[in-house]
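Same chain, two partners: subunit A is paired with subunit B first, then with subunit C.
Then we have the complex of A and B:
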């Protein structure tokens, strides 16, 4: 840090230096501005219009947002998204952490098992969703075939056609896909826990569980915050896995905000006529939800630190 | 990366109950067997569906709904069928094109940008950086529709290059964040000063001094971008409607709808789409892990 501070004092940025610096960032800023920032801002703007994507947009003020508040499909999508986000965040934080602790025993073959568990994480959520859509079918699907092979045919269900089962099933599939990724993060984080902490705690008479509760888990605080944040962000914008598995069905029982937005703009919702303005209003709600969650995580983290 | 190279230090830190102990060898061995069984079962749960997918792609259609889980004899005809007849080969090439263009774009733009954010006096540096980081949080659903309209106005809707440009823009924030971390860590300010005293200008320092030190950073950025672009569904599905220009993920989605009962073909297509990233990851595993750590543990 010090060299850079000194440098700044000695060499004050000249006009030429500034121009040169701007030239370095310009390509990034132009691409980002054109294809992310501008669309984001115009998305905010379009959310105030009624617009099928062609013709002249009709200004409706906040009407889109008022309509959202009483739209049963939106409220359902909000519910699905919240259930999905909370469940995946809890599961995908706690389960990989515990499994990473088991892997810390450094048994032979651990690296291979970790790689195997990680493989689903690099496969796309689309492939995951489509694969499980087949695997969960009642005729010829992997799960029901296995169940009847072990004499548990009675447990077979129409997994994705049952509107009460579909969201929990999607949550489990999501855990299957992402566990390896979070396991890898936790496992890497565990390597940096100071061994002396364990020695000290053991001298104080802590046993296995005590060590885990008082040393391991608190030491993973930074990693846990990261994992929770990633899960919240990914949960809120969940689209691929649901769209590929059920397209939001049966009915709209598994339709998340992302899927509903997409269906309104490009799919069959609204009678197949695109509702760009209304869909953008959902995007704006998602943006505010993301900002709120992010603030909440940071406030919690700050309080725990102080 | 240094964290990963210290297993010895961490091994001494294990809780007493699970380490070889002279007092209670019997109990320890039992625990170890149980632990092993748990991990192996877990690995089976994770690899099982993928093995089933590959096995199903090698079955004759008649065995899919009636035959045993493990095929009696293997046939590879589903692969040539989806590759040629159903045109998955074209989609594969499209995915390669969009992914290569995006990765190249993101690497170039974020190396330049990351270098500038680390070392150069950019006007309004912190504000620009904060805006980039905010964009990391936002769902791509939010800019999908405006991006669709923008590409349409530019006459680039339904083009692979248009899709790659949107991917590149969306990839910039994370890539710049990573590159800034790498530049800050790998390039000492003294080295830049020395190069400048030798008469090197900023471009030379960037190209000859800084960039060669950040090759692991470039690899990390590229790995993440390959995964994001290859695996994306929402942007790829929304911004390209023409079937012959579609990338793999939307093509797979459409295919499952259209050939719902031809499971060998569907599974062959899924395998074709999954295989490159799995092989790619296994080859690049170490870099992937160290890249993750830059953003999490040490960042």
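Then we have the complex of A and C:
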């Protein structure tokens, strides 16, 4: 075979090769179609209808989206979701990064502490919510009891009953649960930073903070983009930890878009007649918001790289 | 098997085909139908499916009702599927109905009338007859009735009262209050003894709706008023004077220091815990508490008193609607068998035995007379005495509006009149959907 023919043979798979490749990809495509593409298209479709989930859907066009714009509950849920998303994104990006950098200093007990920090990550968000709901009860809850026992009873609060405290508390619980996971990602990323960069920087007179700012953080850019993206998407679709802790209460003080959507479709938000079409419209808004945020993060990343 | 392809099956080929076959089999297994309408059972027998979440209310997964019916009706299989709670159940039922695979018999939750109007639930008045339905509490029939058609049957009725520890109250020197004003009056004494005067579940917030809804009946002495307000019928709205009066009464309890700090975070489970650990004098809760306490605190001795009245000598109106109910699929392929099963489980002796075993409140008058649990018996007698008032709200936005209004009152952010107006505004918004 001439080199040119060899090259073409490598670059152009045979029909047999393509068939084999398709056969291996087909199950994944089928599953994707069934569990991602079809629900997505179906959700888009039913968002244009008034539909309780049974009977004949009634076409209303964009009316569901128009109603959303003036729905106080939706606007409140959007506000809660944005506060939660921005806060958790910042905290769950910066805090794990800083802790990972500290752990890179290799001190005794570091491995044990890393494990302890990671443990909450293996607990599901629903169980996390239920555990903290019990711990944060005002009468006999673990947190207020501990505060009282150490002479800080003045700091005890109705953590989940106070509309101004409930969202910050949920954010802290979320940070507690996810810290270990993102710490692991950053720690793994830090292992791949070239030590010679640090040596060279030290020779040039850089100190600890300077090394962190000019070497460590820029080296973690790709990982940071991933972490930020994950946090943004998880923040936008938050449901389980809030539903388990407060069901969106008190009132709707902690009701995220995900919780509101669930209550409309499966709860009593719409009384005896669920509002699937309206809930789908909220889902569509969340999907586009997530896509826009993800796009924005990648544009910013590409601009920085270039 | 060899690596070359000169004859037979190569190892690479075998692995390729095997891998694709395994992945396809997994995909097909994932597609298999999860149930819903019973259809045909083993070897041609008829099968009926029963879906509920009533594991603690007399219909667990291994309920003998199914096997007993099968024994009495050879050729029919009963598949009882009991979910853990409504969070597990509601999405599964919604998916089954949307797929046209409605279970033959199912718990309709809030949506019995809506299901009926859309042809999902059967008109049981026509299918079972007035004679059969007359055995149920009237309120339980009314809550599932629209335009003369009834789409659900009560499985458990409910009522609400004040649970307390008699020994604890005796120590403090307090009796269960007759009126709400009496409760406010003893609140300082109870707080001085280190007790929360009154606890209740407010997480999720609809616990507050359950509490305040009967106050509307207490304010008006008319148990049909709330039904009309909920349905926005006869010109009744949430701005009604009785609603404002009820919310004013609720505010007086808040200002009277009757509730503890953190009320809005108390769940059903933690409320019961406050009672059994001696932290609260009274727990306002429903007739499922005896069943819960039997499981969690079997040695705890407690009593139950009537819902306090509006004023001395007034009726102790209390919530009375069926929290657990059954509907029949209008499109069941085995409708006769499904209806036979319904009649079977509601046969008086069998129904009494089933509900007594679960320590649950029955929805029929005959079974009410044979309740064995002393506390459930007391609570059931209130319904027999005609003290039942609606407490479950079915209108779009009603429950959310009332719950949120109550939260705002607890937090001191609104007045009763403004709260009533906010409920109506929430309902108006929900009616747009």
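By our rule, the second predicted complex is superposed on the first by the 285 of 306 C-alpha atoms of A that agree within 3 Å, B and C clash if a C-alpha of one lies under 4 Å from a C-alpha of the other, contacts with A are read in each partner's own complex, and residues count from 1 in each chain.
As a working rule, a contact is a pair of C-beta atoms (placed from the backbone, for glycine too) under 8 Å apart; a residue touches a chain by one contact, two chains touch by 3 or more.
Here the structure is a predicted model, which is why all the values come from computation and not from measurement.
**Q** Once subunit A from each complex is brought into register, does subunit C clash with subunit B or fit beside it?
**A** clash
**Q** Looking at the overlay, does A:266 come into contact with subunit B only (first), subunit C only (second), both, or neither?
**A** Touch partners of A:266: subunit B and subunit C.
**Q** After lining up the shared chain so the two structures overlap, which partner does A:15 touch, if you call subunit B first and subunit C second: first, second, both or neither?
**A** Touch partners of A:15: none, neither subunit B nor subunit C.
**Q** Which partner does A:150 reach: the first (subunit B), the second (subunit C), both, or neither?
**A** neither
**Q** Identify the partner contact of A:208: answer first if only subunit B is touched, second if only subunit C is, both if each is, neither if none is.
**A** The answer is first: A:208 touches subunit B but not subunit C.
**Q** Taking the superposition as given, does A:69 touch the first partner, subunit B, the second, subunit C, both, or neither?
**A** Touch partners of A:69: none, neither subunit B nor subunit C.
**Q** Touching A:249 in the superposition: subunit B (first), subunit C (second), both, neither?
**A** second
**Q** Classify the contacts of A:52 with the two partner chains as first (subunit B alone), second (subunit C alone), both, or neither.
**A** Second partner only, subunit C.
**Q** Tell me the contact category for A:34 with respect to subunit B and subunit C: first, second, both or neither.
**A** both
**Q** Report the partner of subunit A that touches more of its residues: subunit B or subunit C.
**A** If we count touched residues of subunit A for both partners, the winner is B.
**Q** Does the superposition put A:138 against subunit B (first), subunit C (second), both, or neither?
**A** A:138 sits against subunit C, while subunit B stays out of touch.
**Q** Which parts of subunit A are in contact with subunit B and also with subunit C?
**A** Common to the two interfaces on subunit A: residues 20, 24, 27, 31, 34, 53, 133-134, 139-140, 243, 265-266, 276.
**Q** Any idea which subunit C residues touch subunit A in the complex?
**A** Subunit C reaches subunit A through residues 16, 19-20, 23-24, 26-27, 30-31, 87, 90-91, 94, 97-98, 110-115, 118-120, 196, 199, 202-206, 260-267, 270, 273-274, 277, 279-280, 393-400, 403-404, 407-408, 410-411, 426, 429-430, 432-433.
**Q** Could you list, by residue number, the parts of subunit A that touch subunit C in their complex?
**A** Of all residues in subunit A, those touching subunit C are 20, 23-24, 26-27, 30-31, 34, 50, 52-55, 64, 67, 71-73, 133-134, 136-140, 158-161, 163, 243, 246-253, 263-278.
**Q** Of all residues in subunit B, which touch subunit A in the complex?
**A** 3-4, 6-7, 9-18, 32, 35-36, 38-40, 42-43, 45-50, 52-53, 56, 64-66, 69, 105, 108-110, 112-113, 115-117, 120-123, 128, 131-132, 135, 137-150, 165-166, 168-170, 172-173, 176, 188-190, 193, 202, 206, 227, 230-234, 237-238, 249, 252-253, 256, 263, 266-267, 270, 273-274, 277-278, 280-282, 285, 289, 292-293, 295-297
**Q** In the complex, go through subunit A and note every residue touching subunit B.
**A** Residues 3-4, 7, 13, 17-18, 20-22, 24-25, 27-29, 31-40, 42-43, 46, 53, 99, 102-107, 110, 113, 115-120, 122-127, 130-135, 139-140, 142, 145-146, 149, 176, 179-180, 184-185, 188-195, 197-199, 202, 207-208, 211-212, 222-223, 226, 233, 236-237, 239-240, 243-244, 257-258, 261-262, 265-266, 276, 279-280, 282-284, 286-287, 290-291, 294 of subunit A touch subunit B in their complex.
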